[in-house]
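In what comes next, chain A is part of two complexes: it sits with chain B in the first one and with chain C in the second one.
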Partner chain A sequence: MSTYAADVAALARKDLRLELRARDTLPAMLLFVLATLVVFHFALPAGTGHEPAYGLLWVALVFTALLGLGRAWVPERENAALDGLVLAPCDRSAIWLGKALATLTFLVAAEVVALPAFALFFAPLRGTALAGVALADIGICTVGSLVSAMAASSRTRELILPLLFLPLAIPLIVGGVGSSVSPHGGKYLLFLALYDGVFSILSWASFEYVVTE
Partner chain B sequence: MSVAKSLPARAFGAVGLMAAAMVMVFFVAPEDADQGISQKIFYFHVPIALTAYACFGTGAWKALRLLWTREERYDLESYTAVHQGTIFGALTLITGSIWAKASWGIWWTWSSNQLVLFLVLFLFYCAYFMLRFSLEPGPRRARLSAVYAVFGVALIPVSFLAIRLANDFIHPTVFTRHGAQMTHTMFAAFCVSWAALLALAHVMYRIELLGKRIDANLRDLREALTAA
Partner chain C sequence: MLIRARDVEKRYGRAWALRAVSFEVDEGGCLLVTGPNGSGKTTLLRLVCGLAAPTGGVLEVGVDRAGLGFVGHEPLVYRDLTALENLELYGRLYRVPERRERTGMLLERFGLWDARNQRVSGYSRGMTQRLALCRALLHDPQLVVLDEPYTALDDEGAGVLDRELEMLAEERTLVVSTHDAGRIDALADTRLALA
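This part shows the complex of A and B:
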């Protein structure tokens, strides 16, 4: 088990180091989420109140995550590095978990900027909303890493990723918006935890079939 | 090949059941006091929806079998079942929309959980076809499609729960579908109609599968000929 954790850590560290050197994904995600928030300010008619803004925050977060997920497997695709990883003597699901952790790091980094900006521009965020963001991030990154690996091996790549991912993300949006606006936020947090559990196990179990030849 | 031989008999059986269902629905089951003739679509809409679930479930089961056994034939079977499920899912959306118009005066309502669920599933399974068609044919395509089909069947209960939860903050449920309990004849008509649609789905599945297998065999033969 400890070798499994070490494999996962090594794979995630590789992605973070690549990002530190090339700085491709994270600046793009940061700029995208800020630009989206500004666009939403103009998209909402004046005097609509806080509630629609919370909904739009979740749209912004999911699309920002999509931006990161679209880039997630690019380093592996170039020079067929994924084949090397699959042949490496480690559990295949470690590749997925490492990728999910790296993507989660990028997404959280983007949110560290985006959430205060949202609170500044639109409305304050309460504790359950932040917990909702944290739980939804896990779901987005675990399912997203698997689905983007599927998309990366298809011909249409970036085009097909949102189509594959958005129907799966609808429950996350429901849980996230519910935790932000509903008076019974705890119920939605529970639902998000359930989603994370179900789909993390499914993704963990099925990743091997996605990458092996 | 025994299935192919018995296919005409099965098709006749399905048509016979369908005719029986029509008779039961329009002549035996009493007319709904509240909704009148428009309530008759209930006998098709709900069984079509249940049949769609059965097809998606079959697709996921065949997909699981493919992942377990790596037998190639499950790929076509899973794909065909999902295809049938998508057809019945689209029919559910259409009949549901017609029923909404007849009983509530609007073509679409977000407060009907089942309709919204079918919209989400329809989008999901359309993405399944997009994924399938953008991959090169082969074992890899079979496995990716299988994994996505298995995800679909996990998405059904999770989405259903999500849509139920979303009603709290979007708007409360106003309409209930079953105002009155069904009488015995209504329930019998419902069951016959469901059996007929399941039989129809089964026959359509078999016919499509047969066609796709013949296609694949023909392609193999042609490739063997050009190679030789």
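This part shows the complex of A and C:
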């Protein structure tokens, strides 16, 4: 394993270990996404077709991710541990990538419960919808880890994070809903893959400037 | 010359944290920084470490991040990891050779070996400060920057730090800010009093 990959793995493993001990992110994400789906189940009038439900699924997933992203840098804020990581001679983008991988793990874990629940309450998910969720997860976590790091250094982080993240998540919702309902779902999957590629590179390249003056 | 500062300034918005500070520290030297609260000691040390950038002036530090050890007001460790896990993580990121031996040696030296598997959240303030010192010295840095290192240490911990600083001063460069200048004065060859 290269030094960079070993650093990323060590940083992601640290976040998983912290979550296993503190258990303050994943249980909240699970409860939130299930509660949201239940609320949507009762909010949709009887006889509504499947298509609005797919839209609501994406709303639930994005806000669940937002909940996880709001907690993502809390361990680094405590005791100023982020300064310790920034001072280390590793590539600073490894800090971002480790955080994105850990956040992705939590989001996928929440979806392992949320997607079957959606199928139970609303409608089955086809293959392109599942692929759309997988691709959107990558975009959510790469961009989300960057903007949550930006927000973490602000006193008004709870306000800043959704204001920064939600506009950037609009293309992911467009692609995700398209892959779920459109007969040309493959086109939307390509769009999501392109978003992931472009925004992952931008986030990777700009993280250093976010954590240093 | 390892550190050279010429008219270094730092401003946060309209507030000045540092104004026209100049000093030089030779390789192997020891700079003692003193001054009342709010005089800019912490700001100056963060500039030296590269955690902040000066607003004006020139600051040259002749070591990269791999050669720098820093103890700040915060311990820079994870509360929900044990001492061993924290040092293992930092040892990996700093590419410390034989890091298990080095970690064990430092924990022994700073009296934390018996608490090595305890989470930092259960440590007293003094124990956390000792762990912060272990973390800063883990990679045997060429330049050691210490911001109020005696904070929260009991007599035993302060004695350990005294001995450690004496050893470090023989072969490393030190920058130390403290209110207790008497403890460091004998080691210092440069003094900077901020007003």
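Everything below uses one rule, namely that the second predicted complex is superposed on the first by the 211 of 213 C-alpha atoms of A that agree within 3 Å, B and C clash if a C-alpha of one lies under 4 Å from a C-alpha of the other, contacts with A are read in each partner's own complex, and residues count from 1 in each chain.
FYI, a contact is a pair of C-beta atoms (placed from the backbone, for glycine too) under 8 Å apart; a residue touches a chain by one contact, two chains touch by 3 or more.
Nothing here was measured: the structure is a model prediction, and the numbers come from that model.
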First (chain B), second (chain C), both or neither touched by A:Val198: first
Contacts of A:Val181 with chain B and chain C, given as first, second, both or neither: first
Chain A: partner with more touched residues, chain B or chain C: B
Which superposed partner A:Ala119 touches (first chain B, second chain C, both, neither): neither
Partner chain(s) touched by A:Asp7 [first = chain B, second = chain C, both, neither]: second
First, second, both or neither for A:Pro75, with chain B first and chain C second: second
First, second, both or neither for A:Val108, with chain B first and chain C second: neither
Partner chain(s) touched by A:Glu213 [first = chain B, second = chain C, both, neither]: both
Overlap of chain C and chain B interfaces on chain A (superposed complexes): 212-213
Residues of chain A that touch chain C when the two form their complex: 3, 6-7, 10-11, 14, 17-18, 21-22, 75, 78-81, 83-90, 212-213
Touching residues on chain C, where the partner in the complex is chain A: 49-53, 64-66, 68, 70, 72-81, 85, 89-90, 92-95, 119-120, 128, 135
Chain A-facing residues of chain B, complex: 67, 120-121, 123-124, 126-127, 130-131, 134-136, 139-140, 143-144, 146-148, 150-151, 154-155, 158-159, 161-163, 165-166, 168-169
Sites on chain A touched by chain B in the complex: 146, 150-151, 153-156, 160, 163-164, 166-168, 170-171, 174-175, 177-178, 181-182, 184, 187-188, 191, 194-195, 198-199, 202, 206, 209-210, 212-213
